[in-house]
Structure formats: C-alpha cells, structure tokens
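Labels A, B, C and D are assigned to the chains in the order they are written; within every chain, residues are numbered from 1.
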C-alpha cells in the first residue's frame, strides 16, 4: 500500500512530517526552515539555513524577466485569479534558467566524486562542447556581484565545502583553457552553496520555484499599484511587426 | 511613461527596490523578509516578521488537499517539468480556500473601521446569509489548534492588535447568535494576524501562494521518493464509476 | 454515490458519453463536433456546427495578445515543456477578454427573456454605468469586420435567432442613447451566435479556451521556427525602465 | 529585426497568415482547418483533414485520467477561473503520455528514412531497452480498438503512407521478437497517421494539447452539473494514508 509521510490531522492536532504544527512548528520555524522540513525531511541547523536563505534571497527577484513579464501579462488579462498569474510566471522557471543550476550541480557532483578535483575539472572543461552551466554572464563582467556575496555567507557559516571548492576548481580550469577570466555566475554559486547545504539536485528546482514565487507576487503587487501590462504589450507589438513568411516550412 | 521600481542591474550591482542585492540583501535577509520587501516594499521589524512567519508556516502544508493531489497527478504525467506540477497545484489556491481568508479580512476591516466593535460584529453576524468566512471546521472542533498558536505568537511579539480583537469580537457575536461555540479556523486567524502585521488584503493571496508553493514542492519531493500518483488515480476511478446520464442538460 | 457519464473502457471498446469511440466517433466527427459532444452532451446538427465553427475560428488568433506573449516568453524559458507555455497563455483567457463575452451573453439572456425586447434593451443601456460588454473597439471602427461575417454564417444556416436579435436591439438602443454608432465587436457577436447555437453561458469560456489553445500552439510553432522571445523581453525592459518609487504604499 | 507572420489588423480587416479572417476564414474553415493554418501554415486538403480530425477525436477524452482529475480538483478549488482548471489539466499532457507519441514518431521517421524498412524495424526492436513507444496497453488486448479505426480513416482517405507502413513493420518485427502479439496502441497509431498527414513531430504535442483541451472543458462542464471533486479528494485520502517515514532520505 502506498502511504504519505507528509501530514495528518486529528481534532486537536496536525502533524507535519511527524511534528505537531501548532506546538512545534508555528512560532518556532521560519518559512525557510518549514520549506526544508517539507522537502528534505529535516530542519537544517542555523548555519545551513543562513546559507539556504542567502541562495533563496539571491533567486527571488531579477527584474522584468520573461517569467515576470508572463505574470504581469496574465494578471492584467485575468485579475480575478492572482494564482493564475503567478502560475504562468512559474511555468517559465524551467530548463533555460534553473536548468542551468541543475546542470552545474551535476558537474560539481562529478568533480566532488573524483579522486583528483583539478584533473576532473580540467577534463570537464576539455570535453565541454557548449558554455559550461554556471559560467558566463551578459552584464556582470568580470564578476557577478552575487557570487562573492553567496560564498561569503557560506564561508562565514562554515557551510562552504566540497561543492564550492569544486566550482572554484572548474573556474580555474576554465580560465586556464580560455586564457581569460570567465564570470562565475549566481546560478553556479547557488548550485554550489545549496549542494554544500545538503539540498539534493533533484529538488533544487523546487527551491528556485519558491524563491521566484515570492518575486512574482511582488510583480503582481506592483501591477496592482501601477500597471505596466499595456506598455509591455504595446512595446512587444512594435518590436515584432507583422511580415508574411516567404514560405512557411 | 510607465516604470518599475522593482529591480535594475549594472555590471557590479543589482538593486532590488532600491537596495543592493549583494551588499544589503544576500546574507542579511531571510526569504520571508525578502518576500515582504518585494511585495509591500519594506522589511518589517523582527516582531512583525515572527508573526508573518507563523502565518506562512501555518499555510505551507495541509496534507493531500486538492492542490497537492493536482501537483502529484501532473508530476507523475510530466516529470520533465517540475514547474508545471507546482503551477498546477497553485492554480487551486483560489476562491474556495484562500478566498476565505480574504473574505474574513474584509469583515475584519469593517469591524476595525467601526466606532463600536461589538455592535458592528453583531450586525455582521445578523446580516450574514452564509457561514462567516474564518469560522467553522469539519475536523477541528471545538477549536482549531492553529488558531491559539497563531494568536500566541502575535501576542508575544506585540503584533496582535485591532484585527485580532475584531476577530474575537466576531467570534463572541457568532457564538451568542448560535448559542454554541463555533471554531475560529486557521484561515480566520491568519487573516487577522497578517492584517495586524501590516499585510494588505489585496496581496494576502500572494502570501498564501508562496507558503503553498513550499508545501507543493514537498509533495513533488515525496512523489520522487515514493510515488503515489497511480494510487490516487486508481482510487479516483473506483470512487467515481461510469454511469450514463439520464438526460444531459 | 457520485458518478461520471463521460467515458468508460473495456478491452475492445471505449465509450464516450454513451457512444463507441472507435465505431461512432473516430472518422465520423470533427473536433468541433466532438467538443460539443463532450461539453454539452450532444452533437449539434450541421447548421449549428457551422455557426459554432465560425465562432471558434474567429477566436483562434488575435496576433501578439498578452496571452500569446505569455506563451512565447514561457516557451523560450522552458522549451522542454510545450504544455507549460500553452497553459501560461490560457491562464490569460480570463475576465478581461472572455469575461466580456460572458457579460454580453448575460445581457442578451435578459433581453431574450423580456416581453418587450426593445424596451429591455433601452433599460439596459440606460442603467449601464460602464461600457456595455460586446460593444466598442479601439481599431475596428465604425464596424468590426468579424461581426457581419459571423452574423452572415448564422443567418445562412438558420441559426441566428433571439440572441442575435437581442444584440441588434441592444445596438439600436445604444446608438440612440449615444447619438452615434458604436461598434458591435466580435466578442459580442460570438456571444450571440454561440447562444443561438445552444451553448450555455457557463461553458462559453470553455469554447474560447479550445479556440485560443489552437492559436497558442501556432505561436509556439512560430517560436520554434523563428524565435522572437528575446525581442519581446528586450522591448519590455526598454519600455518599462527602473525608477525608485516615491513611497511604496 | 524579428517579425511575426501570424496576424495583423487594420480598421476593416484582420489578416491571419496572410488570409482575411472575416472574408476567407470565418464561415469557410472548421476549427481543425484553422488549427492547421496557424500551426503548419497551410490548410490541408479534405482527405488530410479527415485523418487529422480522426486523430484529434481519438485524443479528446480518456475518462478520469490524471489530467482530468487535476482539472476537476482545481476547478472545485477555484471555480472563479475555469482557465486555471483547464491549464492545470493541460500541464499533465507531457512526457509520460504525449511524449510517447513523439517517441514513436521519431522511430517511424527512422524507419521511413531507411533503405530497408523491415531491416530497420528489426534493428530498432533489437536495440530497444525499454518497451517501444506506441506499443502495449494495459486494458486494450490483443488490440486497441482505436488503432484499426484510425488506420481505416487514413486508408479510406488515401492518407496512410510511409509512416503507417513503418508502424506496421515495427509491429511485425516486435511480434516476431516477442513471439506473441503486442498491441499497437492509439498513441502509436495517432503518431503514424499525423505524420502521414504532414504534421511535423515538433508540433504533434500541440495537436494533443488542443484535443485534450476540448476534453478537459468537458470535465469542467460535468463538474458544474454534478461535481465529483470531493469524492476524488476523499478517495485519495483514504487510498494514501499517513505513515511516518522510517528515514527521510
């Protein structure tokens, strides 16, 4: 028989993963700690939570990204259902953006598992056919300001470990191969710090979803106060004019 | 011209609502504080944050709710896109559940604005045609254990104010009218505490979305470890057998 | 016990609403007929189907609408899951756009139910505080070219009836009150023709969803061939620059 | 500069892919033809449309599938936004179900491209490590009744061609290797017939989304008339009881 370990209720109590919601969780945990309890089944210590909170905070808000634009366009079209607008934005939290964090985390896992960290990093760089996930940025050059901030939190709290070291090894190998410095972007740093904080790769996208959900609610709130949906719509129509195709396929 | 106050980037900095993400936010704020900064434009003090965290924690996880079931059913069907599964669950965070918190908050706003709190509460009870939002519960009788837990946090931190008082006035008026005690449910308590913590009604649903997002990621994670989607599917098929309609409309 | 009348399977047959899918539906019905069978429980005759197809065709594609933009932004962000991109666009098929068709259909139902159609139409115009749903258009003046096209199909097939007449009565009353001609827009015409074809108001949004789903798949297909997502994104960022708020709330 | 070929408007006309919506499309095309115009850029002849309609009709409705359950659970939770319920169901139209049609279509393309169709089919069967997409069914044994129905339509209309032949070659090779008959399921037949009708693999999922959208609207409509959402919820809770995990990870 299949079962769930997530939650159960009785008239005077609610258990979430074996703990009493009214007596052990409400007023005792932050949202971040509760997220960890629900997703990885335990509440990390204060140091790991500090590192995880730093990663979540780094992911919340990136300005008018495709996700934020989708949320605003849908909110303006269906303001009766804020949940639809937020859901539309979250649907963009996929392969092109958070997929990169997962891809980077998989490389880090490979480096961490190797006997010789630098040799493995060089091998990964040598065999890469596309830009390495976690490296490079259009705007933030030579360095992404979030990366040292994330590393600093992870180090202050003693959380930085083998995955951060692996990311730095990859960076050294990449710079050597390219003969110039390539940015370690925030996505790479988040992947390394979350991994060192004990978050499995398979649920990293979930952490990004919660952080982005917070950011998208911020976009809805701004859209309520001073809507820009029509400006986005009109700008897009101007930027992408109609022109018949020569031949369709 | 329309503008956004949410975020902007330069090569070595990112501003979110006027604050430097790498220098003032990463490592300085929790996810809950960052959520508030993005949605209400300020970081509440530690007392208000404690009350808001208590509300968020109360909302994260309710077991196999319709939302959680939708997330699991979609995840099992399209595991290549966790974001779709979480979005599907969030689409159920609508009128029937969080709508109740908003409805309760609107009643509380009316009581708070009145000269005589008890008279207004009695008037609301007298004119109500349906059960009052924020009151009653199928399982948690006579009391919902989350409600005193939420009130205790709000009182300990000096956040409980006019909205909590308004909810208690409504409760007294309702019990007097019904001649028996009606549960103040967690939804009502969350509405009162969030309102006393300074969260506007128009964005309360957004706070629920972030909390539920965390819970839904937990369901995805459990589905990864020990899937129950097929059990849900088969149980639903057995519970709702085929029977031709007498007449379709 | 609750039951479903929608479908059931045996090893050698599948029944959908009481009809054999392999023997009575595949090869016998068009998608539009199958849609009607599933939603209203019957296959309308060829005349009603022609009118319904005309309405669906009118709704499929409106260019780079907010919905289409959301679909393209999400597709570019998560191309691994086309279903997420289409779902994001459909989430914008809500109150502001199809809600108008439903609002118009409710007015038409009121006119149709009245003893004196013109008197009721005048009463509706007189008491209206906002623009009447189904009337007015930014671009299509003095007339929306889709409206006469839809009416022509409905008349050719003998489907135009009391709801089309009611819409024309509303139009006469509105023009008289305004002393100038106001466009009957396609949304109004679709509402009238669908109603005369026997589609209940409660499911009209569903017909719009299916039609728009077809259009959104077209946008995904164009995005696959010649992506414009980055152009949309950049245009939006330029159109909505960052400016700190004076005061947040 | 990026452009779109999809649609443009002037005061008295709307062009969709170069054709006048009011003069050439409304009243002239069915929804299925309009879908093809928007997605593949042309309106197939009546024979190909018959084959495509047959495939779409086969995909509309499969009973209480995970997608349909998600739609009903979300609709019951947020009835203010039918679009959210339909979107939730569409999010389940992913890898596990329509992904199979795409996987099958890729195998068919490989067989079609080979010099010796039967040799290629045997090679595919020999190297397959998992069940071949398009083959096998839990209920429909020895044959899926939809498959001959789809093939019959495709043959009657002269659409059946190299992809149907390739699917039959795969079937022969598979039966020979297994020494028993394996069902050619509807997913495989749809892949073959759509391919022979000229639908590219990259947009097949889009055709499934439109068909399923129609089916999901049917589930919403039934939920409006006789809701079963609570029965689904309660059955799921009973089927998946709470049990603490031994060890979480």
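As a working rule, contacts are C-beta pairs under 8 Å (C-beta built on N, C-alpha and C of every residue); 3 or more make two chains touch, one makes a residue touch a chain.
Note that this is a predicted model, so its numbers are computed, not measured.
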Which of A-B and A-D has more C-beta pairs touching across its chains: A-B
Most remote chain, CA-based centroid, reference being chain B: D
CA centroid of chain A to CA centroid of chain B, Å: 23
CA centroid of chain B to CA centroid of chain D, Å: 37
Separation of chain A from chain D, taking each centre as the mean of its C-alpha atoms, in whole Å: 32
Per-residue multi-chain contacts in chain D, two or more chains: 1-8, 40, 63-64, 78, 80-81, 83-84, 87-88, 91-94, 228, 231, 239-240, 242, 249
Residue ranges of chain B in contact with chain A within the complex: 1-14, 16, 21-23, 25-27, 29-32, 34-35, 38-40, 50, 53-54, 56-58, 60-64, 68, 81-84, 86-88, 90-94, 139-141, 143, 145-146, 148-150, 152-153, 156, 202-203, 205-207, 209-211, 213-215, 217-222, 224, 226-228, 230-231
Touching residues on chain A, where the partner in the complex is chain C: 63-67, 69-70, 73-74, 76-81, 84-85, 87-88, 91-97, 99, 225, 228-229, 231-240, 242, 249
Chain D contact footprint on chain A (complex, rising order): 1-8, 15, 17-18, 40-42, 78, 80-81, 83-84, 87, 91, 200, 239-245, 248-249
